[in-house]
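Worksheet: the structure to be examined is printed underneath.
Each chain gets a letter, A, B, C, D and E, in the order it is written, and its residues are counted from 1.
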Amino acid sequence: MPTVSFEHIVKSYGSMTVLNDLNLSVDDGDFLVLLGPSGCGKTTLLNLLAGLLEVSDGRIMIGDRDVTDLDPKDRGLAMVFQSYALYPTKTVHGNLKFGLSASKLPRDEIEKRIAWAARLLQIEPLLNRKPGQLSGGQRQRVAIGRALVKNVGVFLFDEPLSNLDAKLRTEMRLEIKKLHDELKSTIVYVTHDQIEAMTMATRIAVMDGGVIQQFGTPDEIYERPANLFVAGFIGSPAMNLREATLNVSNDRITAQLASGVVLDLEGYDFAETPRNGTKVIVGLRPEHFGAPDVREAKAAATFTLPVQYTERTGSDATVYLKLDNQLLALRVAPDAASRLKPGTSVSVDFLSGKANLFDAQTGRRM
Amino acid sequence: MPTVSFEHIVKSYGSMTVLNDLNLSVDDGDFLVLLGPSGCGKTTLLNLLAGLLEVSDGRIMIGDRDVTDLDPKDRGLAMVFQSYALYPTKTVHGNLKFGLSASKLPRDEIEKRIAWAARLLQIEPLLNRKPGQLSGGQRQRVAIGRALVKNVGVFLFDEPLSNLDAKLRTEMRLEIKKLHDELKSTIVYVTHDQIEAMTMATRIAVMDGGVIQQFGTPDEIYERPANLFVAGFIGSPAMNLREATLNVSNDRITAQLASGVVLDLEGYDFAETPRNGTKVIVGLRPEHFGAPDVREAKAAATFTLPVQYTERTGSDATVYLKLDNQLLALRVAPDAASRLKPGTSVSVDFLSGKANLFDAQTGRRM
Amino acid sequence: MKTMRWSRISPQAALIPAVAVTLVAFVGSILWTLYLSFTRSRRLPEYDIDWSEWGRQYDRLFKDAGWEISLRNLIILGLGSALAIVFGFILAAMIDKEKRGESLFRTVFLYPLAVSLIVTGAAWRWILNPTLGAQAFLRGLGWEVDFNWLAQPDTAMYAIILASVWQSAGFYMALMLAGLKGINSEIWSAAKLDGVPLWRLYLEIVIPMMKFTFITCAILLSLGVIKAYDVVVAMTNGGPGQSTWVPAYFTINALSAKSNLGYASAAAVMMLIITLIVFLPLVALTAWQQRKGAPR
Amino acid sequence: EEIVVYHSWSSGPEVAALNVIKKGIEAKGHTWTDIAIPHDTGSNVNLMNLVTGGSPPNVFMESNPGVFRDLAGLGFGRPVTEFFEEQGITEHLPLAVAKSITVDGEIVKIPTALHIDGMAYYNMEVAKAAGVDPASWTSLDAMFADFQKVSDAGYVPLAIGGQQWQVGYLFHALAAATGGVDFYNGVYGAEPDPAVLDSAEMRTLLETLRKFQEAADEGSANREWNVTTNMVITGKALMQIHGDWMKGEWTAAGKSAGTDFGCIQIPGAKAVVATVDSWGLLGGQSPEMDQAELDFASVVVDPEVQAEFALAKGSTPVRLDAPESALDACSAEVLHILADPAHQVQNPHSMSDADWQNSIWDVVFNFWSDPSMSVDDAIAQLQDNYETILG
Amino acid sequence: MSQMSASERAAGATEVPVARAPYFVRKKKGISPQSIAIIVFLSMCALFFCIPLYVVVVTSFKSMDQIREGAIFALPQIWTLDAWDHAWNKACSGINCHGLKVGFWNSVMILFPSLILSIALSMVTGYALALWNVRWAGAFLFLLFICAFVPFQIIMYPLIVMTSSMKVYGTIWGVAIVHAVLAMPVLTLIFRNYYKDIPQEIMSAAVMDSGSFWKIFFEIILPMSGNILIVILILQITSIWNDYLIGVTFGGLNGQPMTVNLANLVTISTGTTNYAHNMAAALLTAIPPLVVYFVVGKLFVQGVTAGAIKG
């Protein structure tokens, strides 16, 4: 199971440079998710790896082979596409078989592999159907099967779940994850859905504007976003971001929000010691507020604010409070939410040690 | 703001009957969500109300007017379509205006309404653009605007958010809800996304196979699903459904699962007193398990099971345990999840009073 | 150093026949024709160019009344045949609106495409014949109509337009029908709900939305108009006088009746130049529109 | 040998006539392979295509001298002057025929049928009903003078089809009739004389044509030639002036010359135009093939074959020594007319430059179709054309 | 699984048809006046479209005597099949009087190679231009577009020289090659536009799976070309069948298509024109394409609707 590395990749479409000097390296067996908003260059990067596009400059290595100028079929990887890209005129069996057409395998080896993949993905009863006769989830499985039979070390997925409905998406997520656990292959997976990224990845590369904003494990990315973009992009409801001013005294560092609330930053792991009066952006995740009207033992700050809306999803609830004319989202238990009627005021604590700080100028984590 | 009622609606396409004797009534000011899987007849019902389809039998009332045979334009309602159906050749302003062209309003009244709607939806700077030059969310707003200017009491929405990405969907959800609060109009809203339904509706009609499976508030639907279909359809991760046998003794009713675990049903509000030995389906929501390895004061049952997978989404985590060769999903705090490695065994309590029971034969709530 | 990718070579190899055909059969022939247009070739090509008089064929062409008539008729035919698009659209809109009998009407409107005009030209000439055809028939019914288009130089083009509209309207109908079916059905619903009058919907929304279909039709139509020959031969054979000559007829007449290859070549070159002048902007416009429309 | 024969004939009488020749060459041990491709009058593009494409026919029906010159240029010329001399054929040909088959001093065509382009065929019943006698007309004016009577009797006086070639034929027939040999050759000769284009004869000619146009009926536009002929045969019109090939129509309709219809030359004609249908031989062949082609030629000009052929086709034999017994009234009339060598001219296609000839047709047909076009306009156009084409 | 079955059971309730009187009495809506107007209009147009065909058909069954009387719209007084018999079995083309059936078989023989060659050439070209990254594709397409406007007669002479130097002049393959050459610009543009709409992802998948230009063409693209093939087939069958000039020019001595026979019959030459014969012959010639249209015309519209022809 080879490593994959991108070295100084440049990609331009005509005069527009989409990727500029991008470096990224995936270990073998990693499940790398490329996560980012639409148009940030994820598909471009994946297609460069697959050989469907040519790099303008730079080098792509798979294991210790330089594959930059190889034909797609010779790179030893398999890809699952967003729209599945099944061959509509071939049966499922034919689809799987065509995937092997470049390899000059003996007939029975081909059949063996197809049988193996079909069993693994539970699509054996579908082998003689055409893609048009399959449901979304089944098509998805066939698409994965077509990649599986090729028996390669690197799998590429380009937003493979975005055409499925919520329920199926959850199921397929789990299946892909399971497959990765079983096959131990290297996977590069593109998505703009953070839930997918968080649940599946062993490593996430968050991209924006063709630049990798942060590369790390899901926990690192969620807990310690490297900059404002990552902070705002990851998490739903999104992290509450507020301007504040740092107050650095000898033993204590605090941040004062515009509304006057003071946030205690005890225990915050500053990259370098901050100066007094620095303008910062404070990031407060909605789930790091204590239960409303319940005093926490260690609170970093306490807000008393009017309720604007509550949103319930059955298992969860979000309450929107009004702070400085902006909404402050916080997560509460569904039972608690029903008590929080719009208009009433409520006191909530922000839990100690959970805040994120970003430089107001550069947007970088402090 | 009128009420809307469907009385004995029958709708057939050729020989295929899609809706058969459907009855449903919406109070004025209600936000009714028609929720159901694809193909269950939601759009059909909405189109019948709008007059875009003709009923095969039955009567549709808006307020106290029988609108069954009225022209769509005379029914006094406005609709927002899934694909927005903006007139691509007209500017935003033209789109809003064209919708009013049938009503013989004076010019300045039309302009006033457009200005009002544009302000409300914050699309004033876009008025001179064509739909092709707008982002998804902006198009969505224009589509709503086109409905708004008509100044009617009933708004229909057909999956208006399904073409938007997750982030925008969350935002637009909130905006539509806000709009409903401001305008106090009756809204009939079609979706197959339960999150939308739960967060926006004042009332939900869950449909399947052309039949209304349950009609109630979001809480009722989530807490007390009327049948297995609703139970399985609502909630993510889905409710764990397991077969069990009822044990009715004098003072106590319990359910025994296949694996032998006994679930105490104390406090369950049976519709009618059950007989001993009845085969039932027990429904256990993933969030109604206590924290792993923490003993609850009042547990309905305790499971000790091996961990299969954990799934983290940053703010949340789901742990899958293995029970009777099937997965049992339970929701835990993200911190707890990282401790639950696959392979280890864990004890969890199911909270008392939270179970749902369904008749194994009829699928109906007991 | 880049290795040559096989996936680059094979498609280019597959294009070789087409490129060869284009370069040899078309570009080569065009250049050849251009060359001949400078010579005094008569029945067979001559390859000497008298450079003092290289433009003599063109001089003659510009002075030739027949050529002038041909150009004028080209415009008339173009405008007139455009009726086929309009007619095709009306038919398509009606068929699309009223689904009953769709397949019957479709077939009926399409069949003229299958029959060569040489065959139906005879029927049309009869129908337009004042003593045998529609005029006599209608007069027999007591209606005083004047339908003798073929006899008069100033109306003969109408007969040609009639026949070509008759022949091609069905084809444009099929294209338009496809275009109409491509329109999001929710647009119709929205308009119904808004109570927009049908004519306004068509005029302000549907037709502008079908811009590309119309452009396609226009391109195909102009292709037909520029090359129009059969219909002229079938209906009038150029007459009365030279009143229904069109450039293609002129060219072929120069080639066969006049046995003047040089002159025919000059006319052909002019046809090509007209094509370029008229259609380059159209093509550029389409390409530009498509690029603009693409990111939607 | 297999002789490939290229022609454009398909109607019943034509096929019957061809079969006469076929019989003859089969008797000489050759076979006949037929390609019939219809073509308009004018140059024969398809024939040239076959030649350029490398599969030329061995004998072909063609009159245009240009084609023979081009073929000679390509190395496919096959003059038969010597052959005709040896066989003693030349002296039996009417002058018009002999001229017609000669290109640049060499005999290159094998004459097969003879026609006169300007004959008036009239329906005798109609003539009687209208009370006129065409045979008595001595001038065109006399003819026009009688037209009123015909119209009053409810008949169309003159059947004519408004097609370019019909009007074109009428025009050159009238050119010979009203202008005479010199004028005609000045217009249609191999080297036209620009001076005649603006002569008094030309004006008379155009004015005469205008009178014919004015006499045409409403349905004449674009009317096919045989439909036009039929008007006379069925008694809707009195007469038609055109080539004497219309006799074929009459005989096909079961009518006979002298009883049902009469034929006269254009009243007061100063000269008549002879059309000679002829075959060309392909040169550059193997000796055996060449011999076969010559066999074909000798069959075609054989007097017996000529008589039989003329009978089948409704034409007049090209040889003056053809057996007379077979001639009908009209053929006899034709041979009578052609006995006078001083008043014969050839069909333009046999002499004239195709381009020039065609441009005359364009002008004439425009003149015909546009009643507001004056004689001066037409002459100006002719002069213009002369300048550009031959000047 | 139990959940599934339960929901199916719940849904199953609707499938039992309920036989009962309607709850509300509603007046039956008839066909609307607007619909009637449209149908009337369409029918009139259809009538107009049928007139020439009607005239031709009716005439072919008339006797010559009735035809001479004019009245082209009148029905035959005596229906006779003589004309059809004559046209098919006895009509002369040159001295061969075996009817159109000779030319018919020639036409059939010409049709197939011409179809195959013309469609194959433009299909492969369209495929390569649309789905493979060829740098100069744009320029080439533009050139093709220009070529589409070139009238045949202009390039006829060079083509004759070329085909005869290729030694195919005068053969059925010569005809096929010329058809392929002449149809190529337009057909290629049509194929290219159609293939342009094949999702890029399918191509990407195929390139990764196989990478072979021809394998992808035959196994993936060709089976997906049903709609466009129908449309192009219909257009090409009609145009090849109705073609006169190419057949007569390039078919040489023995390969003259049916249209040449027809022209021999119809083109005015000396002799009586038998209109009944002409019309019957014209119909016989037109029958194959007409049948194609009547039988698969529906597929034609479907194909066009599926995006077979666009700008």
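The working rule: a residue touches a chain if its C-beta (ideal position, glycine included) is under 8 Å from a C-beta of that chain, and two chains touch if they have at least 3 such contacts.
Each chain and its UniProt protein: A, B = ATP-binding cassette domain-containing protein; C = Sugar ABC transporter permease; E = Carbohydrate ABC transporter permease.
None of these values were measured; they are calculated from a predicted model.
Asks: Shared touching chains for chain A and chain C?
Replies: Chains in contact with chain A as well as chain C: B, E.
Asks: What's the rotation, in steps of 5°, that superposes chain A's Cα atoms on chain B?
Replies: Chain A sits rotated relative to chain B by 180 degrees.
Asks: Per the centroid of Cα atoms for each chain, what is the distance between chain A and chain B, given in Å?
Replies: 26
Asks: Could you please state the distance in Å, as a whole number, between where the Cα atoms of chain C are centred and where those of chain D are centred?
Replies: 38
Asks: So the centre of each chain is just the mean of its C-alpha atoms; given that, what is the distance between chain A and chain D in Å?
Replies: Chain centres of chain A and chain D, defined by C-alpha means, are spaced 91 Å apart.
Asks: Please work out the Cα centroid separation of chain C and chain E, and write it as a whole number of Å.
Replies: Their C-alpha centroids are separated by 18 Å.
Asks: Listing for chain D: what residues touch at least two other chains?
Replies: Within chain D, residues 52 contact more than one other chain.
Asks: Could you check chain E for residues that touch two or more other chains and list them?
Replies: 157, 207, 211-212, 263
Asks: What does chain C use to touch chain B in their complex?
Replies: Against chain B, the touching part of chain C is residues 184, 186-187, 189-190, 192-197, 200, 204-205, 208-209, 293, 296.
Asks: Help me check something: in the complex, which residues belonging to chain A touch chain B?
Replies: Result: residues 38, 165-167, 170, 173-174, 177-178, 192-195, 198-199, 218-219, 222, 234-238, 285-287, 309, 311-316, 320, 331, 338 of chain A touch chain B.
Asks: Report the residues of chain B in contact with chain C in the complex, numbered from low to high.
Replies: 47, 50-52, 71-74, 77-79, 81-85, 87-90, 98-103, 132, 146, 150
Asks: Where on chain E is chain D touching in the complex?
Replies: On the chain E side, the touching residues are 68, 92-97, 156-157, 160-161, 163-164, 169-170, 248-250, 252-253, 256, 260, 263-265, 267-273.
Asks: What residues on chain D touch chain E, complex-wise?
Replies: 4, 7-15, 18-19, 22, 32-38, 46, 49-50, 52-55, 57, 224-227, 230, 234, 245-246, 248-249, 252-253, 314
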